[in-house]
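Each of the next two complexes has chain A plus one other chain: chain B in the first, chain C in the second.
Up next, the complex of A and B:
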């Protein structure tokens, strides 16, 4: 259920990134509030990961994973806010995005201790983890070519794909007909 | 200025504006299709026995809402700015 709430926020960030890629940064920055929109939303999503870490304390690795995502998202969101506001000048701050992607990807893979076909949530954790790790190439390329609409669209596409994957998550559900008896009774 | 370049730039601008205007409705339509294909995901339709959070979190409706909010809050002002930018650079 928490995954779905985050999926909505991530979807909105992805839509904003797509719109910015299509309109161009110059037009996107024509209104002050708009240039802060998706970096601020990213920062807030990072903030909301802290309660997830604090209240879902079923394992230590789960807490470490959510804590590291919170750090990664807040760092990337804050760096982007600093860049669009003009407080930060070095384009190297954009490297916080691929860093956040890699941290998130590793955390997703490490905190899922079951194999791919254990249940749908296990499959999606592995898939989302690898999507983030491979998808880190998009923000990495964007850090060196910040005006490239193609790289920005690729960045947006990774974010939207992750949100779709999060929407596909279920409590206990089979994946390609596989559901481990250890996963429990199928529901939701 | 070469009129071919001006026409090409205007066409590209139109395609971009069209794509931006389609983003929100496409997402809202995707949410609507999801709601029709999996009505059991909308617990408001069968609220008996559902807990508070299962009634609050309605993923297909959230997708529809994301599309509508994006269209009204982001896409419309952005399209107006795109048109203004086009007029000033013409």
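Up next, the complex of A and C:
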């Protein structure tokens, strides 16, 4: 449930970014509230990850992973809000995004003990982790070329892809099935 | 169109559920239960199939003797028969391989005709270490910085024209304090759980911490994490919008929930504890945090960032500090009387000796504060820039003594007073 809720939030952020890339920043910002939409949502998603960290204590590694994602999302959302509100000026604050992506990617990979093809969950954890790490190149390029629609579209694409992967991670439909008998019976 | 979007969002939000690695759903006997009759089996119920390892379930008495027979897995359940248990407290340590091959582990306690000890006192746990004292000290410092910075802005500088750069620096300081509070809490909780679980770090990462989350310490950790995340968001909002209003609920939340640190310490469970000692501990900690934090923020931020406000802020803080010190001393003396029934406990016990050093440091800080109050304050009217600069350094010195007091407070909170 929690995975899906966050997947919905991240999908919404990605779609907003796509819309902004397609329409252009000037058009997107014509409505005052719209420029705050996805940065604020990112910040709130980060804030809501703290209850996930605090209540899901069935393993220490998940606590640390959720905590690091909360930090990353809040930092990136806060920097973006600061930029659109005019409190921050240097576009280098957008480097918080690649930083958050790399931290998130490492947390995904580290908290998965099993190899790629062990089970669908393991496969997707590795895939999400590497999507974040490789995808960090898009916001990194965007920090130096903030007006590039191509980089913004790439940034949006990474976020949309990650949200789909998050949906798939907890989807019981046999997309990958259980790839190893070690994983036991498929369960709901 | 709007209806379509709502339907699509609803479909996305409500999923079919599948799990990651195995999670313990229930146990027999349950966490910290006090049983009238000794159990014949120990039963663990997981949310998915698991496999057993050698020693998957161990039932240990106070000297570490194991009473469990070999465990067997049956689907999502792991069961081990237990030899006859006599009256006493027992620790259950378990481990199992979940379907995704993660080795999950955990610990809990129960008692046969006696109350079960808290999980942090399970057999094998060594108790707080120097590392835990330092982490708790950092936790205190984070709390003091948050409460102090917010208190300086909302109480000391109330009604004054505060320059925007100083306003923002105070918000940044409060935000850093909240971040430190959250992260020091995570480390403190992990250290306490690591001690209870008694696992090497690699295995600890997959250890079940949920019994720890059900202790007073765990409850305090969860509550403080959530509250200080909210405080962080409010402080950020204040910084972003250049508005002071969000700081008011931030200060109230920080002060009210500072009590979590008291409730997670010895004071809440030791003999002689009552709601009165809990309130006294909360007052002691909150007032000390405001005093030390506001002093440090004033010395580091206001003294350099707003020279025009130095005199007014100093005079106002001086009045506030008088009240805070009265609260700190009143609550501290009451707690010392409750915790140390005999005066000789001050030098005859380890707890008393730490308290004695703390009293010495507090007295030193009080003398320093009295110098500021009775000598410096009257001289401020005719003070020149050089004199004011020296006062800034003096305030920083006094706040450093206060921080040292917090280190000793951290050691005392982790220690057990003589009974």
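FYI, the second predicted complex is superposed on the first by the 173 of 188 C-alpha atoms of A that agree within 3 Å, B and C clash if a C-alpha of one lies under 4 Å from a C-alpha of the other, contacts with A are read in each partner's own complex, and residues count from 1 in each chain.
In this section, a contact is a pair of C-beta atoms (placed from the backbone, for glycine too) under 8 Å apart; a residue touches a chain by one contact, two chains touch by 3 or more.
These figures come from a predicted structure and were not determined experimentally.
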{"item": "Chain B versus chain C as contact partner of A:90, first or second or both or neither", "value": "neither"}
{"item": "Which superposed partner A:167 touches (first chain B, second chain C, both, neither)", "value": "both"}
{"item": "Chain B versus chain C as contact partner of A:55, first or second or both or neither", "value": "second"}
{"item": "Which superposed partner A:1 touches (first chain B, second chain C, both, neither)", "value": "both"}
{"item": "Touched partner set for A:16, first chain B, second chain C, both or neither", "value": "first"}
{"item": "Partner chain(s) touched by A:27 [first = chain B, second = chain C, both, neither]", "value": "first"}
{"item": "Larger contact residue set on chain A - chain B or chain C", "value": "C"}
{"item": "Where chain A meets both chain C and chain B, residue numbers", "value": "1, 4-5, 7-8, 11, 167"}
{"item": "Residues of chain A touching chain B in the complex", "value": "1, 4-5, 7-8, 11-12, 15-16, 18-19, 22-23, 26-28, 30-31, 34, 37, 167"}
{"item": "Touching residues (chain side chain B, partner chain A) in the complex", "value": "16, 19-20, 23-24, 27, 53-54, 57, 59, 62-63, 65-66, 69-70, 74-75, 77-78, 81-82, 84-85"}
{"item": "In the complex, chain C residues that touch chain A", "value": "9, 12-21, 23-24, 48-49, 99-102, 104, 182-183, 186, 190, 193, 204-210, 212-213, 218, 221-222, 225-226, 229-230, 232-233, 236, 239-241"}
{"item": "Contacting residues of chain A [partner chain C, same complex]", "value": "1, 3-5, 7-8, 11, 43, 47, 50-51, 53-55, 57-61, 63-64, 67, 70, 74, 78, 81-82, 85, 87, 113-114, 118-119, 121-122, 167, 170-172, 182-185, 187-188"}
